[in-house]
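Worksheet for the structure shown next.
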Amino acid sequence: MALGPASLEIATLALAFLVLAWDLIEPARESAGRRGGLYALAAAGLVLILLGSERVPLPGSLTDAFVLDPFALLVKRILLATALLAVAGLHAHTRARGIAWRSGEALVLLLFATVGGMALVSARELLTLFVAFELLSLPLYVLTALEKERRTAAEGAIKMFLFGSVSSAVLLLGIALLAAGTGTTFWMRVAAWPHDPIVRLGAALVVTGFGFKLAAFPFSLWAPDTYQSAPAPVVAFLSVAPKAAAVAALFRLVFEMFGPAGIPVGSWIAVLAGGTMLVGNLLALRQRDLKRLLAYSGIAQIGYVLAALAAGTRLAAGLSLFYFVAYLAANAGAFLVVAAMEAAGEEPTLHGARNLVRRSPVLASSMLVFLLSLGGIPFALGFWGKMYVFLAAADAGLWWLVTIGALLAVVALFYYLTIARWMFIVRDEGPALTVPAPLAAAIIACAIVAGAGGLIPQRFAEPALRAVDAMTNSSSR
Amino acid sequence: MRDAAFWSLSVLLLGAAAAVVTARSLIRAAFALAGSLLATAALYLLLTSPLLAAVQVLLYTGGVLTLVVFALVVAGANEPAARFRKPLPAGMLALAVFAALASAIGTLPAGPGVGGLESGRDVGLALFGDYLVPFELLSVLLLAAVFGALLLARRERAS
Amino acid sequence: MTHILSATLLGPLLAAAAILALPARAARAIRWVSVAGALVPLAGSLLLLARYDPRAGGFQFLETVPLIPEIGLAFRLGVDGIAVPLVFLTAIIHLTSLFVSWSLAEREKEFFLFIALLVTGVYGVFVSLDLFVFFLFYELAVLPMYVLIGIWGSSMEIEGRGPFAALFPKIGVGRKEYGAMKLTLYLLAGSAFILVGIFLLWVEGGRTFDYATLAAERLGVGVQRSAFLLFYVGFGVLAGIWPFHTWSPDGHAAAPAAGSMMHAGVLMKLGAYGVLRLGFGLLPAAGAELAWLVGGIAVVNIVYGALAAGRQTDIKYLIAYSSVSHMGIVMLGMAALNEPGLSGSVYQMVAHGVMTALFFALVNLVYGISHVRDMTAMGGYAARMPGIATFFVLAGLSSLGLPGLAGFTAELLVFLGAWTSSHAWWLIPALIGAFVTALYVLRAVRTIFLGPLEPARSSGLRDARGAEWVGFAILGGALVLLGVWPRLLLRPLNAGVGELLMRLGG
Amino acid sequence: MTAPALLLVASALFSIGLFGVLARRHAIAVLLSIELMFNAVNLAVVTVAWSRGWLAGVVLALFGIAITVAEIAVGLALVLLASRMPGRVLLDELSELDG
Amino acid sequence: MLPLALTVLAGPLGALALIGLVPPLRRSGRPAAFVAIAGTAVALMAAAALAAPFVTAAPPAPAAFELVWMPLGTVPAIPFGLLVDGLSASMAVLVALVALLVQVYSLAYMAGEPPSSLGRYFAYHALFAFAMLGLVLAHNLLQTYVCWELVGLGSYLLIGFWFDRPAAGRAALKAFWTTRLGDVGFALGIVVLWSAAGTFTFAELFAKASSGAIAGGALTLGMLGIYAGAMGKSAQAPLHVWLPDAMEGPTPVSALIHAATMVAAGVYLMIRVAPLLALTPAVAEAVFAIGVATALLGASMALVERDLKRILAHSTVSQLGFMMAAVGSGGAAAAYFHLLTHGFFKALLFLAAGSLIHAFHTNDIFSMGRAVRAMPVTSACFAAGALALAGILPASGFFSKDEVLAAVLAGGHPVGFAILVGTAALTAFYIGRALLIALVGAGSGASREAHDPPPAMTAPMLVLAVPALAFGIAGPTVSRLVAAPEEHAPVVVPILGTLAALGGAAAAWVAFRRGALEIRARGPLAPLIRALERRWYLDAPFEWGYRVLHAGVFRGIAWLDRYVVDGAVNALAWGTWGAAGRLRAIQNGRVQDALYAVAAGLVLLAWLAWGA
């Protein structure tokens, strides 16, 4: 039993332990320079893993519980990239807030969560799925409260924790019910799916559990509060990685379990998608806190992906992957901009973004790119992403979803444009903002992907579509 | 005999659970929880799994109870005047969830169980065979939990 | 394979990139780069006019770059006889809008950047032969207007009556933020319908976005009908069809000169072009079946727009409502579904584009000079701004259909088409609209320019100057040229319209 | 003693726990209720294992117990953190973030 | 012939382009004037050369020339062309001649204008001359319409020439709007005829119509439309209301546009399409009836007018009614003859009036007086014109009016004939009144120093006086020009006409021989006189209509748009905003309330799973 298929997880774990070791043996806890080394180590390690991910043999599997196919690999790369961005953000954030001595723990927890997400997309067995699900949650509860001196830190974390715990319980119950119907947690081993209500109920409970991770309405109510209270770099990770992993895992479930079992999960998810788009977009309209606004916007964005998930086709899976690349760049980028604002001592609100174009042209223009991408405006990458998921939904005949999605995307522009207005049109004075170099580099990288990437969408779409082809080929028995 | 044990244990379990969610005193609630966990352990015995029963009693009940009592001491029980907030909608939702679960469970065939979960060795083999990956992940998870709890709970000098 | 079309697209795009690279201080360089970016497509459009072969017909100057074959998406460019005149129109207005904005002295870099982006989108729509790329450019063309209005626009709050007295200030009716947001969101809401329509065609038409393939596809009547209605509503919003036109007055009134020139002059045509190209062109059966609707609404537009314009005292609103009325003529010609009607429809797109661009340029200049938008507070301006008055009268005469100017040629063709269509009665309201146009346009001329000039109002008034003259002269010259030499555009147009009619008939 | 009966008991336990989560005001009481829910789920898992002779169910239950402990540890830590702000152990008091 | 015809147009067009496109020339004033005059002179010479062959005993065949203006794919192209026949060539001479004289006259009359205004004035003149000549030479209906509108534009610009006078702006608007109202019909008529016949060209239209290829209904509708256009331009009741107000323009303009040429364009058009009119008797009846009514109406309003120019304007309305009556009764030749003589004598009258106004600085005849002695040339010219207008032998008006009356009688309209004879008497009366009061009487302005104008003004008057007096002998030639058979009217007609004219003149002499005499609105005739002074209250419906349109319809639609159509948009936006606000209640910050959502979502999904 070669460990090759899990090599990325193992490497990331190894990196985590390296960071931990460095953190433990480092003598001077207050030294900023050394902390920089810690972050450099984490970043370099993540970059190396990302580069190494090119060489992983495909496809492979570890027992029957764990598979590495191109689909999983692509999502893992998304997760690793998200983690890398969060590392850059945390560097600036911990220094600015004077909590640099927590850097080691923060990075380790971040890497653990990354491992959880990576395992989640490879899981082909319910127990593995569940543990990976937990591993993606638990470190994040802690990370959201990283800045624990903040009044609201515990509040946001507790809210997430309660939702997460209840969802975990529900997910586990769903797994139990599925097992009650089939007698195994290895869904690939099920030869003939029974048409029991218990199996369908189990599927419903599993979807409910994943609803928390996706922050899909009505399981999304924790997200705005948590995002608002959590450090922005953590939110950059929190708003992308769990969602990407959860969507990927759900796609796998749809293809390999719900599909063969004849459970119409798609139609349930369509309902969730409609509600999620609607509520996310409406609630985002009147927000003034940027993190909160982006939280709702993220909920809305997930609604669009759920439309593709509801379609449940191979095309939809590929295009969703594409979507997540765009979403990663834009959403994580936007939260990093907020992180930069916070790190520079500016409040993360609309008012704080006033006249940003004068105060920090880099932040303002990057943020504009992110907003355009999130808003689905050509030629940003997000434009293609949004069009693609709608196309996937249309392809599956979900016309009502496409229609309300397209219309709500217009409502969304209201708040995206409102941010843009504060940054570019409002002329109130404010201090100039300086951005630490690593964070600036991360933001600019995101902006380049989200902006210039839109000029070459095929570069992103082709691998995504090919990855899906490979996955369904390997799994079609 | 087994049925009688099952029913009485079930009543005990649910009674203790009701006490957990209704007890005015948190300490009492904690001990009620311990009771319900122990009742569950007994049920596990009935379900032919002494291993689980042992783990339940030793690790779970003991660990959880210790943690909770410790937390109550540190945080202060600080009992509110009223235990409940809006118990009626909460109860109705809980009932609805129960109804949803029960309606599916009701369709299951009612037969005696197969049992045969006694072998600890088989469990160990499964753990290192089919379930190696989750087991490894679980170890990371536990590490993360320890780590996280420490990070959150330790008191630091403000810098 | 020529690259005229990609050059046309790249001109403004590269100009945008260059502007982005230039420092904000270098306002003069930025202006000239913009002009250079406008001259490239102008030259391209002239080449198209000269080299488009009406005998061969069809789409010419084709270029294709595959993008995502899995979903039938490629970067396909090409123009037919209908698109050629519209590219020409865009080029003219693009160039003149720069000249008219020559004296703008606030955040020039961003201004010219957004203009370049906007106009790239417009060219893109007219030359793309892939529905998705079409849509992409369409959205690109719509959005920069938000910034243009938001930063360089003007506000004039409107007081609500009765129960609206409290509501209007809350919504901010009349403020530029309101106008910008309303325009943007309304148009993009329309584009949501277009998107659904395009996807519908993709799903039903063999999973491709290729115009030619879809055109060859035999789509069911039901699908055609749904898609046609989606396109009609979606594009119709931008074309200002009643009752989806109300973004136009509020938006155009708030916009700066170049913004409303581009928007009313060209972008509204995008909407009409979309209905013509994707609606009637791709869905001939539904087009023929639903022409009664298009024509009926068009007639409402003509009369309603003119009547609403009659009451306006804000000059910008007046012009905006006149656009609503004139876009009705465009749609009416289309709905006539015959040769004069369709030719007239496209001709009116060009004619109205030039005319309304000239109008908005003048009106904004008058506003810039006098800081007054309310006509009733004007009077006698001809004494101080004879040049502006002359061009205003010229534009006004074109808008009321005076022969010898572009508007007449278009209206004549549309009227001929309307009467010989299957709904001859459409002509009557159209004529009434033309008459009402004479009422409000000439009333505006009188109120603004004629009469005695009160000394209190005369201070600071001046005529146009410098580059502004160039802009006005080009637009005015175009009005006359298109009025006396319709052959210029009708030559390619006849080819395009002929093919469209073949499809509609067959 | 049948599987449905056991599962019904587990469901009841789950619902009681859920009620506690929704209705109790004290944060630690809510944590206790979550324990009840996890316990219910574990009971269900073991029931399924027992009813089908499915040994892996025991593994699943073991994992469930472990994860529950981990959860409760982090949860209690969070409650402790919250309680450092005077008196904030009632969940309703943790409502600064809204809208 | 073609080069000549093109030269006719090229002269004024060249002048227009030169003045219009070379701003320094326009601003220089007098040089621009000379350019315009030169252009018109060229046109006059070319027109004369063009017309010369047609007055010979053996006129050449009409020549047509056309090129494609708007190519259309399968539908026949829309042409642009010239038609040279006796009618158009001779009319071109009249237009060019009067235009030239008026322009020369304006040199002196407008001498006080600043140079740039003068340049603008002559640019307008060149535009007008070009458009009018184009109208005359047009070989198809569409081109007629094109030039028709341009002529209207020239009129609009020239009426409003003194744009800083509010009254001028208002009058220009009124003129444009009223004629435009008629043009709506004209446009409709053209379109209808096109769709029925597939052509705009006169010759083809006539051929198709006479062969019955055009449906009767379409032909009637088309002709009605065309006549509507003619009503507007030629000031037929009730669309005559703009013409008196148009007198706000400079007087030479009135002479050219609102007396001799443009207002006659409607009559010219009806003469042009006379073959079609002959096929639509109902329309012809209407033309006749409205013509007669207009003649009487105009004359009656002139009776009490105090403003000299307005008297002439009313008179123009009345005379146009005469012409239309003739056209309507099939007497195109008579109408054309009267059109020509009227062109001469009315232009003469206007120029003379301009001279008087120039001298007395007023339009009010009661403020003039004793001009006979102070301004002998002007007075003589005015008298010559008045003689022709009154239709008193041997002036030209006698002959042409004679033919008109004869045509009406021959057309079988004895009642109309009687009315027109009566109107002829009124004509003599009102022009006699004006002449006696302004030239002979001792009004308040009589004492002022007034004298004849400079030669630039007197020369055109004198030139015009010749045809005004002597053109009557050209009657047969004119008939030949329009290719109409010469008809000999019964002897009773000239006798009755002359009696009426003399009677009217005598009455005027009796009433006004002692000079100024205020008209007293008393006695039994008072309501009638008041009605006349108010122009039969015919302006009121238009004003009322406009007011209703503006304050009612416009306002209503604007209200509808702002509060209903757009109101729905605002309501949607506001509603969304409000809904977003209300929806925030679900995020009240209390985590357990939020957890309800999880439980509810679970139930929802379970229900979906159960139901599916």
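Should a chain be cited, it is by its letter among A, B, C, D and E, assigned in written order, with residues numbered from 1 in that chain.
Note that a residue touches a chain if its C-beta (ideal position, glycine included) is under 8 Å from a C-beta of that chain, and two chains touch if they have at least 3 such contacts.
Owing to the predicted nature of the structure, the values given are computational and were not obtained by experimental measurement.
Common neighbours of chain B and chain D under the contact rule above are A, E.
Counting steps between touching chains, the shortest path from chain B to chain C takes 2. Of all chains, the one whose mean C-alpha position sits at the greatest distance from that of chain C is B.
Chain C has the Cα centre that lies closest to the mean of all protein Cα atoms in view.
Inter-chain contacts peak for the pair B-D, counting C-beta pairs in contact. Seen from the Cα centre of chain E, the chain whose own Cα centre is farthest off is B. Between the CA-based centres of chain A and chain D the separation comes to 26 Å, rounded to the whole angstrom. Chain B and chain E have Cα centroids separated by 101 Å. With each centre defined as the average position of its C-alpha atoms, the distance from chain C to chain D rounds to 63 Å. Distance between chain A and chain B, defined via averaged C-alpha coordinates, is recorded as 31 Å. Residue positions 85-86, 89-90, 93-94, 97, 100-101, 103-105, 108, 130-131, 134, 138, 141, 144-145, 148-149, 152 of chain B are each in touch with at least two other chains.
Residue positions of chain D with contacts to 2 or more other chains are 3, 7, 14, 17-18, 21-23, 30, 42, 47, 49, 51-52, 56-57, 59, 63, 67, 70-71, 74, 77-79, 81, 91-92, 94-99.
Shown for chain E are the residues in touch with two or more other chains, namely 584, 587, 589, 591-592, 595-596, 599-600, 602, 606, 610. By the definition of touch given earlier, these chain pairs are in contact: A-B, A-C, A-D, A-E, B-D, B-E, C-E, D-E. Those residues of chain B that touch chain D in the shared complex are 2-3, 6, 10, 13-14, 17-18, 20-21, 26, 29-30, 33, 36-37, 40, 43-44, 46-49, 51-52, 55-56, 59-60, 63-64, 67-68, 70-72, 74-76, 78-80, 82-87, 89-91, 93-95, 97-98, 101-102, 105-106, 108-117, 119, 122-123, 126-127, 130-131, 134, 138, 141-142, 144-146, 148-150, 152-153.
Only residues 85-86, 89-90, 93-94, 96-97, 100-101, 103-104 of chain B touch chain E when the two sit together in their complex. Those residues of chain E that touch chain C in the shared complex are 68-75, 78, 116, 142, 145-147, 149-150, 153, 156, 160, 163-166, 168-170, 172-173, 176-177, 180-181, 184, 187-188, 191-192, 194-195, 546, 549-550, 553-555, 557-558, 561-563, 565-570, 573-574.
The touching residues of chain B, counted against chain A in their complex, run 100-101, 103-105, 107-108, 129-134, 137-138, 140-141, 143-145, 147-149, 151-152, 156, 158-159. Listed in rising order, the residues of chain D touching chain E in the complex are 18, 21-23, 30, 91-92, 94-99.
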